[in-house]
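Listed below are the structures to be examined.
There are two complexes below, and they share chain A, which is joined by chain B in the first and by chain C in the second.
And now, the complex of A and B:
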């Protein structure tokens, strides 16, 4: 055993796979200890982008520092793109009745063109031939840049609950800054939020955990069934072999995913807990394990040591367990790893088509994908809602497959170097 | 051996390359012929006599429909999913884009007497010019004398009378209107008199029919009846290919990928008494997409001009410089007129307890639903607090909000909801985290069809709220067909459904559907009040409202009714929802109706009710 383990860990592929898997495993083990919030809590809003969010009123109340920086230029470069400046030029040249063309061509710098446009822009000017979309574009642009050139600062006031009058709370200069660390109310979404406003990172960790559990359970069920039936069919042979082979062939001919869909939709949403889904996946993915175990058992059946055991009058379970199983064990372990990987993928596929477990109780990788797709995350550019999910599915199945290949190299005499 | 394998491989690759080349060329050819197809179309519109010619004509139609001239076609999405069943206005299941006989009927092919305009809540004449109601309740309707059918014959009062009678005779879905109507008669060729049923006097129910019922051609439809041996069921499921209608468009082509109607250049509405011109697009085409996502992508690309789909974060499209706009420029972007609600089955143990219903309504986070599930396309509950009324000013004016204030819930009141349940004696006694009622854990499902994104997500939040207050609530997605059967037969715990939105008879119809007791027994189909709520006092108020004309009295009754609603909660609204998600892409067409353009055309995607007026104002966008 010890020798075999040493052998296994000499395989580079296995070690790489193992390290990736261990990293994922450690993450889902320790992250919940550090971040204790409920992964299903809806704190944010629809697809908030990754970043730290600070309370605006807190920022007003927090002690401020004076920093000498040209804030207007900073805002200009960040908020007004070259296309938007071009839009302003277009408006001035095509729709503005008053401006002189030289004025427009003279305004070279961003500041100048914005100033010129703000001076002339009037939303009531009839834009001949322009579509509503274009008109709206200008209105929105105006709202955005209206105050951008101001360097006066703001005065913040609050409505007095009793008198109804506005009372000044603070005057804010443009050169006033606050240290983000001072602000008491901060929320960080390292990977943004999903369509429900849940923190994607926290949810992702919880989902990976559930998906791993589903994969493990599905793999265990599938391997247990496949192994038992395969051993029986292969060793006993005869009628039992015929019956089992018949059933196995039937399951092989009908694509297992279709059976999976049928069972899953038959169960109905109400009956579908995450673990039940795992069992269903396990029940539909055993045939190939069964077939290969049967084939190997048949080749072992007539070996000398098995025949000796038979002659010694050992019972069937004992022969199977002590004389056959150890010889197929390495293969079964590899099959088990593959079954885990395919279990995770199957859950993702099922959830993608809306047949996964209920969302409000657990998060799974498939469900996260499903909701991201339903809310058209790829269309609205909310990459954080699905790319991390895809990556974690890929990482897990990649690492498991890598471990499998590594084991194969060690145990398969044909591949052994 | 090896050599031959090698050769086969090379051969295979060559075959593949050649076929793919051919396929590529083939595609090019079909696009190139689009111009030819349009010219050949002109010949097919001429009358055809022989059956063989009709055959070729339909083939041509298929050809043309495959590549409609873009500058003459207005593309729609989101109103048709799957192939059309029939063209029959008597059918209960046409699944047909251009047959939609509801409060705001779709009037491109078949036309109604009047068109409803949700902007001002008024009726506008279509086949009829005006109506008057005498003191004894009798409606007199004057038809537009210019109106004629697609075969050139005039639309007469006889046709109208036939339509009403046929619905009664055939027991169609619309036949319930006869509960309130005593007779429909033609006093002359262009005047129709509707006498209400004295025992069931409800003028709202009669008014409701006017913008809803398609007027059909008597000659053609009685022929259809005769052809089907006067068998009700056969007539109601007949395809009705040879229809004669009065609208500006005629059916042109349909299959499982698209539905196309073509303008009838002989349309009567060119008369000055109606529109005075023809609608601008020659073809209206509705693409049938596999799902919302496919439709949204096509819309964003400009392949669809007018979309009625829920597309989350629609503003991202114009931020991406796509020529997209909505009816309102700012949040909530659309006009919200309906109240998608979670309906309680009050016959189920646990849900028969007002405390459980109210606690769930209180714990639900409406703001989160509004901003995430509905993508902000809805006024917040804090601005329009819970009531049976939609958030429009006209309906809100009918209630005294001050009297309702104490009964209304704000949402996300988890602690108050818990206290309410504790007070009602519904507690967690066995420590499993869930409350029991009569010794049984309270668990129920909240259901709606799968793939209805905004509803699914809203119900997820209801379920989350239930879990937070110790009720084991889980979501249940079904197919749309199952969902329909379930709400009709009462086979649900909590089901999401929208009662009537905006119409000439609302909010009364909505109140009736929500609260009026139903005669349907357990397992039978209910036509309204799917949760089987029963309250004689509410019935009395609902029965009284239609006959009341005095404003103060009306307000008093509606306020009373709202109080009962807020106290008993037969259902609770999860959001306010636009009737239609009127979103346009101006890549090809422009001049779509907008909230502030002064045209008074409602955001009903250019097809429903008075929204069709928008089709006459379109222009091609400058390139």
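And now, the complex of A and C:
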């Protein structure tokens, strides 16, 4: 046993898979200890992008510092969009009589092109062939940029609660900064928010945890049923074998995913708790474990060590447990790992077609995908709502499969290259 | 050698067919036999003649396709698990391939302790059990102190076979079916091992059914010899008769294949 474990941990594939899995596992274990908020709490709004959000009024109230920095360049680059820069480029090339084309092509950076445009732009220049709307667009763009350049800062005023008059509270200059740490109200969404305005990272950790639980439960149920029936059918044989083989074959003819869909929809929206879904998944995926355990048991039951055990007067359960089970154990462990992975994938598939766990108390990886798709996250460019979920599913399933391959190479040395 | 006329284990028309249709193999074909109490019987035949199959049927590990087996003067009845277990109290075996005879997950101690438990000495204090195990190992020239806590795959093939004999020593069955018990043992120790079996037979008045492909060995140990060819007994008689006046062609061929059969018997050459 100890020797086998040593052998297993010598396999690079297994160790890689194990490390990835352990990392995921430690994350879902320790993250909730550090971030104690409810993963389903709706803190933000629809698809806020990743980042730290600070309260604007807090920023006004917070003590400010003068910092000598060219704020205009930064602001210009940030607030003049790529399309607007393209508009400027178009104007310079098409309507401007004075500018040389090399000058335009030399201006690569956002600030350079803005500067060049400001230098030459004149609203009185005749724009031949341009519609009124296009002309107005340029005027508005000029005003906007002008405002940024001229900005003297802001006067902040507040309505007096008694008199109803506006009173000046603060004057903010352009070079005034506040320290983000001083602002009491800050929210960080490292992976943005989802369609319900929940913090995606916290939700993802909770979902991974639930999905792993589902996979573990589904894998355990499937392996337990498959192992028990496989051993029984293989060792006892006869009528019991016929019945079990018949059931297994039935499951083979009807794809288990179809059965899964039927049961899941039969349970109804209200009846599908996460753990029940896991049990249902496990209940539909045992046949292949059963079939291979049965095949291995049949090849073992006529071995002489089993015969010797019989001659020693051992009972049937004892023979199955001590003379058959240890010989199939390594295989069963590998099958178990695959069952966990496929349990997680099954849940995701089920949830994607709307038959996953219905409870709004937990998130699962599949449900997160489902929500992201329903609210068209890909269309709104909200990659953070689904890419991390896809990556989590891929990583867990990759690590489990890697572990399985590693084990396979240790236990079936003929497969080694 | 102790031998009575009582038929201890007998068979009439015992047949074993493996597979169906095209793949049908008749491994044992309508054989009759009578083994007497205290006798050493050899079943001799070349590879694939059905010796192991017959042995498994005698042991009740394989079902009998046709025919009857008699045990202790009555038709053998091992239909229920309980009756089977009772049957196995009296009949034991040493299997042909020592490497597959052991559960590789159990220590050697487990195997030997099982035998002691089976003798009904489960409640013996542990040092008494160790004493018994040491004695059994000593009987086959093994040192229990060296074997204890070891796993079967840490032993050599010959050590495994000797351990199997030690197991028989502990169990003291009334019938032993030994399927080529010395196949892994070098020629010198082979004689020793056979002598051990013979000594054991004398000690506990055991009936031994000795399976071998080596007619010389059969002659050396047995009272009567059955010659098996393609699942059929082509000749059965006392050892002397079979060797000195063989009737079947097959027997003659077997004898011819053994060099120096009529000369002074030298075990180290077989």
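We take it that the second predicted complex is superposed on the first by the 348 of 417 C-alpha atoms of A that agree within 3 Å, B and C clash if a C-alpha of one lies under 4 Å from a C-alpha of the other, contacts with A are read in each partner's own complex, and residues count from 1 in each chain.
We adopt the following convention: a residue touches a chain if its C-beta (ideal position, glycine included) is under 8 Å from a C-beta of that chain, and two chains touch if they have at least 3 such contacts.
Since the structure is predicted, the reported quantities are computational estimates derived from the model, not experimental observations.
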{"item": "Contacts of A:253 with chain B and chain C, given as first, second, both or neither", "value": "neither"}
{"item": "Partner chain(s) touched by A:326 [first = chain B, second = chain C, both, neither]", "value": "second"}
{"item": "Comparing the two partners chain B and chain C, which touches a greater set of residues in chain A", "value": "B"}
{"item": "Partner chain(s) touched by A:304 [first = chain B, second = chain C, both, neither]", "value": "second"}
{"item": "Contacts of A:373 with chain B and chain C, given as first, second, both or neither", "value": "first"}
{"item": "Chain B versus chain C as contact partner of A:34, first or second or both or neither", "value": "neither"}
{"item": "Which superposed partner A:45 touches (first chain B, second chain C, both, neither)", "value": "first"}
{"item": "First, second, both or neither for A:312, with chain B first and chain C second", "value": "second"}
{"item": "Touching partner for A:195 - first (chain B), second (chain C), both, neither", "value": "first"}
{"item": "Which superposed partner A:136 touches (first chain B, second chain C, both, neither)", "value": "first"}
{"item": "Residues on chain A lying within both footprints (that of chain B and that of chain C)", "value": "none"}
{"item": "Chain A partner contacts - residues on chain C that touch it in the complex", "value": "56, 59, 61, 81, 84-85, 88-89, 91-93, 95-97, 100-106, 114-115, 118"}
{"item": "In the complex, chain A residues that touch chain C", "value": "303-305, 307-316, 322-323, 326-327"}
{"item": "Chain A contact footprint on chain B (complex, rising order)", "value": "292-293, 296-297, 300, 311-313, 316, 318, 320-325, 329, 365, 368, 371-373, 375-376, 445, 447, 450-451, 453, 456-457, 460-461, 463-464, 467, 473-478, 584, 586, 590, 592, 594, 621-622"}
{"item": "Complex contact set, residues of chain A against chain B", "value": "40, 42, 45-47, 83, 129-134, 136-137, 139-140, 195-197, 268-270, 354, 358-361, 371, 373-376, 379-381"}
